[in-house]
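Below, subunit A partners subunit B and then partners subunit C, in two separate complexes.
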Partner chain A sequence: METLFQNVVNALQWGSFYALIALGYTLVYGVLQLINFAHGDIFMVGAYIAFFVASFFLGDAVPFDLSRTAVLALTIPLTMILTSCVGVLLERIAYKPLRRKGAHRLYVVITALMCGLILENGNLALLGASRRSLPELIDKTVYTLGGIAVTNLKLWVIFTAVLVFVILQFVVMRTKIGMAMRAVSWDKFALPLMGIPLDTVILFTFILGSGIAGLGGMLFAMSYPVLDPYMGAMVGWKAFIAAVVGGIGDIRGAFIGGFLLAFIEIMVAAFLPSTFRDLFAFTILLAILWWRPTGLFGVPHTTKI
Partner chain B sequence: MRKLLVALAMGTLLIGSAAFAVEPIKIGFPIPLTGEIPKVGEGTRFAAEILKDEINAAGGLEVGGVKYPLEFIYEDNESKPESAVNVTMKLIERDEVLALVGPQSSRQAVPAGEVADNSEVPMISPWATNPEVTFDRPWVFRAAFLDPFQAPVAANFAEKQFNAKTAAVLFEVSNDYSKGLADFFKETWEKKHGPGSVVAFESHGPKDQDFSAQITKIIAAKPDFIFLPENYSFVALIVPQARDLGYTGPFMGSDAWGSAELASLCGEPCNGQFFSTHYAAAGAQGATKEFIEKYKARYGYVPDDIAALTWDAVNLVLKAIQDVGEVKPNLEDERAAIRDAMANIKSFEGITGTMSFDEQGDPIKCAVVVRIEKGEFLFTESVCP
Partner chain C sequence: MLLSVENLYAGYGNVEAIHGITFHVNKGEIVTLIGANGAGKSTTLKAIMRLQPPEAPRLIKGDIKLNGNSIVDVKPHMVVNRLRMALVPEGRHIFGNLSVMENLVIATWNRRKDPHVHRDMGRIFELFPRLAERRTQRADTLSGGEQQMLAVGRALMTNCEILLLDEPSMGLAPLLMHEMFRTLSELNKQGLTIVVVEQNAHLALKTAHRGYVLDTGQVVAEGPSEKLATDPEVRKAYLGG
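Let's look at the complex of A and B:
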């Protein structure tokens, strides 16, 4: 029984990362019907940015000594802002020109795949293959409650994922810009006629999605402190699958899908031979899609997001 | 007329210089410069560069009275088995190397060894410990001890040190090295303590980052220690995660832990843990000490076991080339002669210890157990076959 609860906590933590990445996929897809395959690598870039920002503030370049809490407080917004810049840059360089020329969505998806590879290999060329480790920004404490061990960091991760979800749901459903985002997914061509600046809305979507990826990357780097250029690829793919299973384009779907995938993965590894983890996990997901091809929350051909 | 003269003069010069220049001796290194274990590739290249520069500074390698310059070609196998096959082919066919040093990890050395053996090119893997690498392959050699030897070393040491009766194992299922060592360990341990004494035998995939489910399972089985035959990048993830999940017992590692990067990646949680390896840098004497000082002076850190084994492996190849006594004009003949010369080396004084070779091309040598202390690997015990 203890083991079961411990695994629930494990899955909640691991699912938080899937959920944070899946939210970014779903946002961009919801607005542009574009599968932004570079998203997993933006997550990786976020982790590296967090590493450099934190190392900078902890290093000698800063004339005054900062406490680690202050460094953490500075690193979070800076990482999010800088990662957003990377996301926006990709949008401006790679996706917007194609959209302007009226290229088919398929080409934009392929471009996104290439952007992901460019980010990975650019990082490799620029920083070399050595792994990096994020300096510890909070004192890790292990709490044990009735045989269940959890660290304060894990609690923060889970809390952040839920908080991001709530904020995002609010932004999309209750604010003007959120309404504009939903409108873009409804009809991209009628929108400018209504006087809504399409490019601003898309820009905002990318800022939001990449900012969340940056936050996720930073938390990931704090929890799994071995950074390498390919770290975002696999977790990004899986988060994409989670978003699809949840119903891509739907924020609740991405959130639930992320946790669902993590629960399946962890429980399979915990109660069946761990060698078969991915085999079983993805078979279960396939069965879900077979039952509901548009995902748990997805609705065919209506408003997404 | 003057133009013709100049042209003639130039022509004679060119022919003249060509007669004096000797073809360099080319050795290929299919090594992991990127991917999962980049520090391994770096150590290999650094050690080889020191040796090459030393020999070339002295005019080259003397073979049968002629000095040949050395040319080392490094190709990245991306720590992937399929890339290891590709770059090994490339080195053999395009670069026409005389011999191969590498790949380092068994995961790449097993498939690359197949290629080398089929193409009849002598290959020596400095670091691979899985028996499959050289088994039934007359063209493939190695400089490291084997996993069937390493597993009992780790098991015996852990039994004594931790006073252990039960063990748990966590390994990477897609890695020949990790999987092989895990199996040998389980066999050894259960032979000593009876079936079921390995209370948990868990695995993970090559790209995994979260091991909480496996570790939770292991903790629930209450082992006396956890055996981790893993690459250092996984060690740096697994050990802290196990501590976070409330595991307080010891870990026992294998030689893949011994990277110069382990301490900076893993930090505090790895302090005080033990692993079996090929050499201990702290407290080394003689030629080993000399090598460590040269390496440290040039690259700024203490070389890990990979660098030391590479040094020995390259020296073995160079010794074989010298033993042949001449560089034959035909590439195939020369490769065959080098293979025969390597197979004829009975005993070799390396910086990782004295080794003698058996009929499979495997060295018989000692292992050491080291303890991690503030980023240094301190010698604890030496185990000889």
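Let's look at the complex of A and C:
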């Protein structure tokens, strides 16, 4: 029983990472029908940015001593902002020119794949293969409750993912820019006719998605403080699958999908040899898609003529 | 002269769709562009709105002037916000995943400080009571006629001075068709300038002050509606004899 609850806590933590990445996939897909395969690597870039920002504030370049809490408070927004900039840069350099020329979606997806590889290998070339680790920014406290051990960091990760989801849901459902994002996902053509610049909506989407991935990368690096250029690849793929199973384009779907994947993975690993984990996890996901091809929250798009 | 289109050439990719169209619209008028399918009516409206490829045509030559100023380099959302020209596109293009209310609100993007938004919303609901009844419904659950009303209402919410409509009668039952054109007349009496593209030439000429007949990307006839409606050539080619 205790191991079960322990596993639940772990699944919630991993689900949080998947959900934070999946949200970015689903946002960009919703607005552009683009599978931004570079998104997992944006997560990796976020982890590195967090590393550099935190190291900078803890290092000698800053003339005064900052407490670690202050460094954490500075690192979170800076990581999110800088990672957003990388996402926006990607959109401006790689995706926008293709969109302008009316390129088929397939080419844009391939471009996204290439951008991901460029980010991975650019990192490798620039920083070398040496693994870096994020300095500890919070003191680890372990709470034990009836035999279940939970670190404060784990609780923060889960809390942050839920908070991000709630804020995002509010932005998309209750604000005008969110309304525009939903509108674009249905009909791109009509948006400028409402007096809304399409590029602004796309930009905002990339800022949101990349910022959240950056935050996810930072939390991941805080939980597993070893960074390497390929850390975003596998997690990114899995998060993408989570978004699809949830129903890509739907925020609730991405969030639930992330947790669902984590639960399946951890529960399979709990009862079967760990080499079975991915095989079983993805088979179950395949079965879900077989049952609901549009994902748990996805609905096929129909228009009346 | 509110809108003038001068010697306009436009097309998709390498294919030229309209070849030197010239027409003008005075303030307070209803002007109709009629003609067969593929005559270039929709292309002309999209080009005037400055919508960009790939969905809209590329401008090859010619000029479009609003109040005497060229708008060729103006972005489409600025045509709506600054120049106060709106388009009800062919096929309606309402946002089916948004509620009826949201479809109207989204058109007020640029009217944050405008105190009249609420009053205008009330007017739309007066004009189309069906929309008021269904304001919380998802727009894709509306009937075709209701969707057309929503498309018109949404365009009006941008606070336009000149409204372009592309085939507003398409897919509507005859009764609704007539109702739609009556509404356009009504809006015109309240001061709105209207340009309407229509395949149903009879109906369009009955409502409009003046008309232009388009054929394969060119203007082949023009004049006051009554004159066009009685012109033997026009009757033979476009009004079924």
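Methods note: the second predicted complex is superposed on the first by the 301 of 305 C-alpha atoms of A that agree within 3 Å, B and C clash if a C-alpha of one lies under 4 Å from a C-alpha of the other, contacts with A are read in each partner's own complex, and residues count from 1 in each chain.
By our rule, contacts are C-beta pairs under 8 Å (C-beta built on N, C-alpha and C of every residue); 3 or more make two chains touch, one makes a residue touch a chain.
What you see is a predicted model, and the numbers here were worked out from it, not measured in a lab.
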Query raised in the report: So, A:M234: does it touch subunit B (first), subunit C (second), both, or neither?
Result: first
**Report entry** Contacts of A:S274 with subunit B and subunit C, given as first, second, both or neither
**Finding:** first
Query raised in the report: Counting only touches as set out at the top, which of subunit B and subunit C does A:T3 meet: first, second, both, neither?
Result: first
Requested in this report: Could you tell me if A:S67 is touching subunit B, subunit C, both of them or neither one (first, second, both, neither)?
Outcome: neither
Report task. Tell me which of subunit B and subunit C touches more residues of subunit A. Result -> B
Report task. Give every residue of subunit C touching subunit A within the complex, in rising order. Result -> 49, 51, 53-55, 75-77, 80-81, 86-87, 89, 91, 93-98, 102, 105-107, 109-110, 140, 142, 144, 147, 154-155, 158, 171
Report task. Flag every residue of subunit A that touches subunit B in the complex, lowest number first. Result -> 2-3, 6-7, 10, 13-14, 124, 128-131, 133, 140, 142, 144, 149, 151, 153-154, 224-226, 228, 230-231, 233-235, 265-270, 273-275, 277-278
Requested in this report: Under the touch definition given earlier, write down the residues of subunit A that touch subunit C in their complex.
Outcome: 102, 176, 179-180, 182-183, 185-190, 192-198, 301-305
Requested in this report: In the complex, go through subunit B and note every residue touching subunit A.
Outcome: 33-36, 38-39, 41-42, 173, 202-205, 207, 209-210, 212-214, 216-217, 220, 233, 236-237, 240-241, 243-246, 261, 264-265, 267
